[in-house]
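In the part that follows, the structures are each spelled out as structure tokens.
Next come two complexes built around subunit A: one with subunit B, the other with subunit C.
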Partner chain A sequence: MNADVIVIGAGIVGACCAHYCAQAGLSVIVVDRGSVAGGTTGAGEGNILVSDKEPGPELDLALLSRELWAQMAGELGDSFELDAKGGLVVATRAATLEHLHRFAAEQAEAGVIAEPVTAKGLRDHEPHIARDLLGGVFYPQDMQVQPMLAAARLLQHARSTGRVTVLPETEVLEIERDGSGAVTGVRTPTERISAPHVVNAAGTWGGVVAGLARVDLPILPRRGFILVTEPLPPMIRHKVYAADYVANVASDNAGLETSAVIEGTHSGTVLIGSSRERVGFDKTLDWEVIRQEAQQAVAIFPFLADVQLMRTYGGFRPYCPDHLPVIGPDSRAPGFLHACGHEGAGIGLAAATGLLIAQAIAGTNLAMDIAPFAPNRFEGAHVA
Partner chain B sequence: MAMSDIAAPTVDVVILGAGAAGVAAAVVAARSGCRVTVIDNGPTPGGQYYRGAPPIDSEPSSGPRDLSYAELRAEFDRLTGSGVIDYRSRRTAYAISRHDDDFVIRLRGDDRHRGEIADFRARAVIVATGAFDRHLPFPGWELPGVMSGGGAQLLVKGSGVIPGQRAVVAGTGPFLLAVSGTLLEHGAHVPAIVEANNPSRFITRASAIRGGLSKSGEFLGYVSRLARHRVPYLHRHRVIEAIGVDRVEAVRIARVDADWRVVEGTDRVIECDALAIGYGFVAQTDLAGQLGAQMVLGADGGLVVDVDPNLSTSVPGLFAAGETTGVGGVEAARVEGLLAGASVADHLGRPPALTRRGLDVVRRDIATWQGFAEALHATFPVRDGWRDQVRDDTMMCRCEEVRAGQVREAIDDLGARDTRAVKLFTRAGMGWCQGRICSSAVDSLCGFGTTQSLGDAAVRPLVVPVPLGALANGQMEG
Partner chain C sequence: MSRETSFTFDGAPMAAVEGQTIAAALIENGVMSWRTTRFGDRPRGLFCGIGVCFDCLITVNGEPNVRACLSAVEPGDDVRTQAGDGHV
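Up next, the complex of A and B:
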């Protein structure tokens, strides 16, 4: 078998890479050792956020990505529950509110629409919100999708172009390179697939996959649990979270951090996410995490106290030491590109990532500067 | 991570479930000097079989007299009354986890007291949570008036209400006869019992095992009772459709071959106003699964907890007894409970109250009932042909209203290759029943059927839902 591009990983990032490569006229083979969307894409939420990002390269990527998400939803019809519902960030303490307003002003300068909301105004946005909150900021650009469906529908659509083949249950065992160091293809348990371009879209396992081509990439797991309630009539309109969340996202703390992010879904369930912990790949459910998330959610929406928790699930966000993803060609192995390490924003950032990868392979102008995401930026750096 | 101590008391053994297995285990463990807490979600002890009915002394029992269920139950009541056994009814264990070397068991009150939650710490645990009905979807099974055999039995025995005047009983296994018997007793007319397998070999198989004779006698007793009521007992027939607008008005049945594939041109319609369906039982493995205990496929192809000859699971200190280790009837559950009680005492360094001779009898009985269960499952297996009768518009998951076509699409078009992905794409198994009704059927429709896939389908982080407020106020612990 052969193609122009092999994409390793059929999560949301791999799906977006395949989508844009096909659009650029490239032939693509997507391989995944399991199911489509069976990795972290099937273990998290589908928030597409600008609200939680400070000005800088990640915010630029997020702003580009949300435009592309809206476009893709238009192209594919309403097949993955895209909902441009907006985000409401609230503060429980005066100091947090002040910090939030300052943060929002900086974001506004970088192109984010951020509307300060008074304590009373919160209720116009969310009628059932707690009365003792001090105020917040509304971000109309925040959206959500159903991430598993998004990945599957994008791949289904890409296959319909005739240029894309998807091979689930196909593990890449080795990435082959020639004498000059350039990649030439991959080896699976049953065959060899050749291609001049190989994209590492293996998410949390991106470091391991990079190793299959004998290059280093520091990608580590950061665990998170999500709570799912019984289905309810619509009670929560936007995605609502406490301002402390932003601090946690950017934190370098290895210990447990929770800050409730609350949202309704199309099926009526309410999702409460999500904790952040660096505990390796330990899947054991931690009931202290559940308790804290429940407590924080009830503090923001008191009616949730009587709502039943149906289940929990969790996964491992792929993170890099500097909390930026790795996107673009790897100068250490010509033909090898990375599209991984998006931590807790891989759904949101996937569209722009896919576009940039396709542009890098096709040799067309890049939609934005990808130097901050360069794969070799960790060379020589001390990795904790 | 900083965690304060668990407020709840530490006991030696928590026994989950007060059915035949749990009651037997509790008596032996308590008599061996263990501090025992028994947790059960029902109002009284007895489980599926004995709940409601007062313990009868005349039931067949091959073991020593004082180990019959009636005797065990009497002793259980005595030990509970004197405070030796701490028995908590109307409580559901919704989760279990490890904490240092102990187990932490999380309880929720019954539906009226669902906000009452409490934690327990125990050095050892016996899972004796029984089994629930296996459902095999077919067109129309979601119509009102269609219910599981276990559900019908519960309705009639619990409230004396019959599900309908003309109730067809269908599925496979001697259990259909028990359900029909109950229905007839309470005045319902049973137009037909529709058995998908050929039961005639059961008598020979069951009689061949020591002690099996009483069971095959029981079976023959049922059959002659049906004959008295002139109820046709159809073999190698299946209900392939339930027909009706607002509720079931008739069923379409057809002859099937040994693989349960329909024999063309044999279908006919039987009018009825109720349909009780039973295709065996699925072991309730979720609590053991939360601890990562190893599972295996039981004799009926369903997932069960893997145990060694002492009923110890792969998790040290965790034991399993009764239907959780394999679906084999109430006698098997009782004798397994006896052994689990002795094993847990031994694990805790206490001399088991059963004499060596007693233990020998118990082990021999377990072997007998295992043989009986094998004969049962060999005669009344679930065959793949049921899937052919599932149309694309057949409901698979009733809670989330997912139809078979969506499940097939998840595999063929969306790239699902395991149970978890099918569930995520379709939402099958995400509703109120937590996948108890549809998960194993979805798994089978997809053609997985492995320990791994069935294990994934049976994962339940919460055995039952719990209010967020109760969790938020709960004790600080891990």
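Up next, the complex of A and C:
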């Protein structure tokens, strides 16, 4: 088999890469060792957020990506539950509120719509919210999507162009390179697929896939658990989270950190997060994490105390030491591109990542500067 | 010796054995479905039978989303068909 592009990984990032490459007229083969959305894509909440990002390259990527998400939803007939619900960040302590307001003012200068909300005003946004919160900020640009559905629909749509083939249950054993170091294709257990471009969209396993081409990428798993309640009538309108979530996301601590993130879904269940810890690929359920998440959620929405939990799920965010994704051509291996390491923001950032990858391969103008996401930026750096 | 007890399902009297789950008692009384889905109004009853799938949800004494496969019948229980999420 051969194609213009091989995408390794059939999660949301791989699906977006395939979508935009096909749109650019390129032929694509998507391979995944498992199923569509079988990794981190299927283990999150489907966040498309600007609210949790400080001004800088990741925020610019997020702002571009949310526009593209809205566009893709239009093209695909609203088939993946894209919900422009808005985010409400709340503070429980005076110091946190002050910090949140400063953070929001900086974001506003960078193009984010951020509306300060008084303690009383919180109830206009969320009638069932706790009465003892001090205030917050409303971010109307935050959205949510059903990420597994989105990955599947995007791949289905890409296949319908006739230019995209999806090969699940197909593990890449080696990324082949010629004498000059350029990639020439991949080897699977059953065949050789040749292509002048190979995209590493393997998420948390991006470091392992990079190794198949003998280049280093320091991507580590950062574990998280989410609780799922019984289905309820609509009780929570927005994505609601505690202001200390932003600090937790940006932290380098390997130990357990939890901060409340709560939202309803289209199907009526309420999703409760979030936790972060670096414990390798251990998926064992940890009751301490569950307890903390439940407790913090009840502090923000007291009615949740009487609601049943149905189940929990967990997964691994692809963590990079500088909390930025890895996007673009790898100068160490011509023809090899990376689209991974998005940590907890992969769903939101997937659309822009896919577009930039397609533009880099097609040789057209890039929608934004990708230098901050350069794959070789870790060279010589000490990796914790 | 197992002892007989009774409960009602949508107001109709039903016989059960003490200690029996609501799901088992309903099936023994010929009732195979006791919930309709949130979006398609499709019928649901017992699926996994071990408390995992949350398909057999039912309203018991006014409390929605009780798993019929795990809850034992209590004498005089007022068991009702659940529509959607059960919260009216």
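Simple rule for what comes next: the second predicted complex is superposed on the first by the 384 of 384 C-alpha atoms of A that agree within 3 Å, B and C clash if a C-alpha of one lies under 4 Å from a C-alpha of the other, contacts with A are read in each partner's own complex, and residues count from 1 in each chain.
By our rule, contacts are C-beta pairs under 8 Å (C-beta built on N, C-alpha and C of every residue); 3 or more make two chains touch, one makes a residue touch a chain.
Being a predicted model, the structure only gives us computed values, none of them experimental.
Superposition note: with subunit A as the common reference, subunit B and subunit C are in steric clash.
Touch criterion not met for A:Asp132: it reaches neither subunit B nor subunit C. When the shared chain is aligned, subunit C comes close enough to touch A:Leu232, but subunit B does not. Look at A:Gly38: by the touch rule set out above, it reaches subunit B but stays clear of subunit C. When both complexes are overlaid on chain A, the residue A:Glu109 reaches neither subunit B nor subunit C. By the touch criterion defined above, A:Pro168 lies against subunit B but remains apart from subunit C after alignment on the C-alpha atoms of chain A. In the superposition on chain A, A:Leu304 contacts subunit B only, with no contact to subunit C. By the touch criterion stated above, A:Asp78 is placed in contact with neither subunit B nor subunit C. Of the two partner chains, subunit C is the only one that A:Gly268 touches; subunit B does not reach it.
When both complexes are aligned on chain A, the segment of subunit B among 145-153, 361-369, 415-423 or 469-477 whose C-alpha atoms clash with subunit C is 145-153.
Subunit A residues 230-231, 267, 308, 310-311 lie at the interface with subunit B in one structure and with subunit C in the other. On the side of subunit C, the complex with subunit A involves touching residues 38, 52, 54, 57, 65, 84-85, 87.
Subunit A makes touch with subunit C in their complex at residues 230-233, 267-268, 308, 310-311. The touching residues of subunit A, counted against subunit B in their complex, run 10, 32, 34-38, 42, 148-149, 152-153, 155-156, 166, 168-169, 227-231, 255-256, 267, 272, 284-288, 290-291, 294-295, 297-298, 304-313.
Every residue of subunit B that touches subunit A in the complex is listed here, in rising order: 1, 3, 95, 97-98, 104, 106, 114, 290, 400, 413-418, 420-421, 424-425, 427, 430-432, 434, 460-462, 465-469, 471-472, 474, 476-478.
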